[in-house]
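Step one of this worksheet: look at the structure below.
Chain naming follows the written order as A, B, C and D, and within any one chain the residues start at number 1.
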Amino acid sequence: MHPSIEVGVLGATGMVGQHFVKFLAGHPWFKLTWVGASDRSAGKKYNEATSWRLGGTMPEGVANLTVEECKPGNAPKLVFSATDASVATEIEQTFAKAGHSVVSNSRNHRMEADVPLLVPEINPGHLQVLAAQKAKRGWSGQIVTNPNCSTIVLTMGLAPLKPFGIQRTIVTTLQAISGAGYPGVPSMDITANVVPYIGMEEEKMECETQKILGEFTNGSFHAHPMGVSAHCNRVPVIDGHTVTISVDLASDPSEADMIDAFNNYRSLPQERNLPSAPKQPVIYMTERDRPQPRRDVERENGMAVFTGRLRKCPVLDYKFIALGHNTVRGAAGAAVLNAELMYSEGLLG
Amino acid sequence: MHPSIEVGVLGATGMVGQHFVKFLAGHPWFKLTWVGASDRSAGKKYNEATSWRLGGTMPEGVANLTVEECKPGNAPKLVFSATDASVATEIEQTFAKAGHSVVSNSRNHRMEADVPLLVPEINPGHLQVLAAQKAKRGWSGQIVTNPNCSTIVLTMGLAPLKPFGIQRTIVTTLQAISGAGYPGVPSMDITANVVPYIGMEEEKMECETQKILGEFTNGSFHAHPMGVSAHCNRVPVIDGHTVTISVDLASDPSEADMIDAFNNYRSLPQERNLPSAPKQPVIYMTERDRPQPRRDVERENGMAVFTGRLRKCPVLDYKFIALGHNTVRGAAGAAVLNAELMYSEGLLG
Amino acid sequence: MHPSIEVGVLGATGMVGQHFVKFLAGHPWFKLTWVGASDRSAGKKYNEATSWRLGGTMPEGVANLTVEECKPGNAPKLVFSATDASVATEIEQTFAKAGHSVVSNSRNHRMEADVPLLVPEINPGHLQVLAAQKAKRGWSGQIVTNPNCSTIVLTMGLAPLKPFGIQRTIVTTLQAISGAGYPGVPSMDITANVVPYIGMEEEKMECETQKILGEFTNGSFHAHPMGVSAHCNRVPVIDGHTVTISVDLASDPSEADMIDAFNNYRSLPQERNLPSAPKQPVIYMTERDRPQPRRDVERENGMAVFTGRLRKCPVLDYKFIALGHNTVRGAAGAAVLNAELMYSEGLLG
Amino acid sequence: MHPSIEVGVLGATGMVGQHFVKFLAGHPWFKLTWVGASDRSAGKKYNEATSWRLGGTMPEGVANLTVEECKPGNAPKLVFSATDASVATEIEQTFAKAGHSVVSNSRNHRMEADVPLLVPEINPGHLQVLAAQKAKRGWSGQIVTNPNCSTIVLTMGLAPLKPFGIQRTIVTTLQAISGAGYPGVPSMDITANVVPYIGMEEEKMECETQKILGEFTNGSFHAHPMGVSAHCNRVPVIDGHTVTISVDLASDPSEADMIDAFNNYRSLPQERNLPSAPKQPVIYMTERDRPQPRRDVERENGMAVFTGRLRKCPVLDYKFIALGHNTVRGAAGAAVLNAELMYSEGLLG
């Protein structure tokens, strides 16, 4: 028996919103019945208000929904937020105050001391903070966030190594253009080029990683005591962020230990068989030139992270690469999996 | 008064050879009068034997040269080697034995204990080994090499920092497709993709860097005592290798010290005003999203290396990026500058 | 009740062969039990003999098949041919002689007077020639071919207009790199470039189109009496050939007539509900900038052809664009649909 | 003795304006002393007001110019207009009224009955209309325009064939992203894709071509009586529009006649040796897969048009391809050459 839960998407007409609409199509638990967007779109049918930018065509069920303003009103209790950072703070808080569970992909609340920055496989225990969040803020609803798209690839690649004692990591990203939304990166900037800068991305990766891999104990978050240094770059790839990772570990695992750790990594979402959870969340590829974004990113419905090329690092201990789907595992899929975990924890009322 | 020196190119019909032909067109000292290639091409006119793959058209002077076999015979005393690694060892040694100065872009002799791996700005003193090379091998000629195309970008980016005591560096490359020659990388592999592996490239970067930045003292090379860890990737860029660099330094320079070190770096090629030497070999760009391969790689005739985005590294001391033209500064131009330095040192007899 | 038919693939390890393997995975009628390739691969497991170049991973069932030589021996009665043109003539004829039905994607037999160049929606009646083929050649088996990948997009775009009397057409193709196989087009040739030439492609489009749209009457093929002029170009697109089409018609349909003709086009494969037949084989898109290869080519399992931008042509009568998946509808999927039609006609005996 | 003429650029900070700034750097006749832009930029130094998007760095002379509002005031008599179509009509007319010669790249006045749509090689006689323009409009200044970037490639490819009697042409363009300015085409739209639509481009090509190839007789323009049908597409190319052309001719030239016509085409700009005039304005390439945008577009300083692949067309008479640099020959360089012709005609007063 599946639950049947009505959900809404805030910011549904934008690029991230479209990814939510696409990812939710056919979801076994969540039924998209409500779409919110700016005043300009409100009142129109979704297919009139939206220039569909993704591959294929708009899912049928949503085309005829009437776009609402991003105000609680008649919205379902569970809403996914794809709102722009410039308005997300106010909109999300308004919904939480009005009793909604806001599962957000926006960056605004990620680093708040009472908001989970949730990756269901890594830190499901961080949901414990929600009681304090509601109490302190006087909300009947709640806000949960997922990480930045490059952070999630890095943290999923590192999480299996946590038992070995992660001490320091230096990473370089090669990030897909879809991470910048639409219109996003001008083609004159990125065609046959590399743009070695993404605004605020390195800062986000560095602090979000410490929070995600950290613990929630004694009523507060404790950042994982590790050094993180990120070099972030845009490359002409459609979907899929590749990250090169050098890592320093406290213990001295063998290469076989490391690969086993990747392949055997399982957590709550797998145990509970959550609908969007990949059966194997981290997949180590043995081909010497894989994973590759164009060839691997769509596997496992975009929800697994792929690692490869593990070898000794002459400066730190090991080096390897990780790849994940930035608009699925790094955005819409991440939020939906967060909501699935919350439901399975009894946190969606 | 310019010298006027006849030169040849070994492997002239291939992609690297074509880069030599293009770079030498109009050179004030060196006149290309001889082109060598495989038996299959020998006897044909250069323009009949060669499918010109570079932009624009073949330089006029060379089109009617008759392609020779790669045997000393009537070749000029100075030859540039663009031969394939599978045959370079024998061909280059045959020429050196026959009294030719072989200025090679091939990898075969780079790590030999009596062969300079020369970057004129960095280690002109390494040419001292040539006397021993000739004596030991019984050659009346000599072999000098230039580094791998990604190594030269890294070492030019690091060399200005040597006074600060380079101890360790972790780098990730985003390398252009032209680095793989022709036909090189299949478009099915690299279009809208990243290939996170380049055969033997990481090994080359790690060992060549130590040799280049090291000293030649007491009759032998002493590798620079530094850790080098490289992650090498192919990206869909035409020309220009980008390298992200984190570096650990013995001293504690300020950011201003670092930038001054980049911009004020000068060496023998600049002092002697060698024809292919960039006036400023390392140029620090202050725009937050530069250098970029497509926009910057052709500046300074492709012979400068561009750095940018200097900032503190949370794990090592500093991080920044470097960019250089892989087929010019990293191949044909490197070798030609090597020959210019050798001439200015009186080593071309 | 589905039939269950064992099938083989000739040339299974190459790029086209891999497309067959992928397309056949999970096919309701055809079970891939036999893979043939060159002597070099014979005797190995398929996954050892094959560098899998397509997205994702090799279908599980095929990985452990032992690669056979391309000789009839124990091969199933139905074989798909993905063999290279240099060997296809001999191999295919050997199989046909030995009683196999060879459903070929190779170009070798397409224009033979006794071989169907089959597009199931357009010319199912061309299968009538098989009786004569077998009789004349003394074969117990038979050979059926599908068109070149760009031809099929053009003919599927034109077929619905046949009732209006197609007299002349001038077309320009913008063809994907996957059409050239692997390694295929060097990235140095096509990155940020157009290559305005594809060997023999224009000739194939011009003659194949006339045969496909023509009739089989009185025991022989009669080419459709129309002028076809093709300009063929390679562009940096992964999958999907786009064709701009200007067409001269004998009658004077309205734009609405034309669009209805596209959208209402149905034929035998739809009537018989063949497993690989698209429900609507030609889909007219109304967005002014569609179809687009990257966004539309994967729809309908790659088996539909998309048209769009119908408008008056100031020189001929109408102009529009057509798009189809070159490695699915234009290759592996085309052949499999051919075999499905043959089965439904009782020709696989 | 060169003339020395001060010039200004209207809309100098935008992408097209930057192309003017770049093209004018080092011009032997024209010295850029004045730059105009929107109110927002006025008062700043050019290098502060401008995000330089082109390759390399901003030409030195212009960096310190103070940006002016686009009002006549102290502007030089000769101004190039790179203003946006939304404001070009008013700005250009204001300047013309105030006595300036406005040499415009904007589309606004191109099809006016008293404005030359000038291509110096093709229709220098169209400048005769200027007397009537000034008289009718009561201007002491004047406006001259150059064609749309794709039109100029087509017309330069067709002009040499005019003696054979051009009757009809069907063309398909493969247009570079730089033609759309900055930010222009989103990378999410064009990476590994084709966009088969460019707003108003087909209409412009069809009517501008007829005007350019037409005559100015008896005081008015007479469009060339030919049918033109254009299919316009955007492809992932940086610079250079490729056009496939099928053409119907009144006479019956041989292929050799056609190729001679291309290569021997010369006109006023060549006779007068105007500084920006290519020595050979149309260059027929004999390689079977050329011209190609990435490899050929920068030749001849971007001012020549390249043709190739001439062959019989099965529907019209001949087919071939043409390639030209859209931001040079198709924009900034076109306007500068127009001004050079005007000076040589004594029209810059």
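Assume contacts are C-beta pairs under 8 Å (C-beta built on N, C-alpha and C of every residue); 3 or more make two chains touch, one makes a residue touch a chain.
The structure displayed is predicted, hence computed values, not measured ones.
By that same contact rule, can you tell me which chains touch chain A and chain B alike?
Chains touching both chain A and chain B: C, D.
Based on mean C-alpha positions, I'd like to know which chain lies farthest from chain C.
B
Indicate the whole-number Å distance between the mean C-alpha point of chain A and the mean C-alpha point of chain C.
That pair's centroid distance is 40 Å.
Distance between chain C and chain D based on Cα centroids, please, to the nearest Å.
A distance of 42 Å separates the two centres.
Report the inter-centroid distance (CA atoms only) between chain A and chain D in whole Å.
Spacing between the chain centres: roughly 48 Å.
Would you please write down the residue numbers of chain D that are in contact with two or more other chains?
Residues 191-192, 236, 238, 294-295.
Help me check something: in the complex, which residues belonging to chain B touch chain C?
Of all residues in chain B, those touching chain C are 15, 53, 177-178, 182-192, 236, 238.
For chain B, which residues are in contact with chain D within the complex?
Contacts found on chain B: 54-57, 191-192, 238, 294-296, 298-299.
Write out the stretch or stretches of chain D touching chain C in their complex.
That would be residues 168-170, 172, 174, 191-197, 206, 227-229, 231, 233, 235-238, 242, 244, 246, 288-295, 308-309, 313-316, 319, 321 of chain D.
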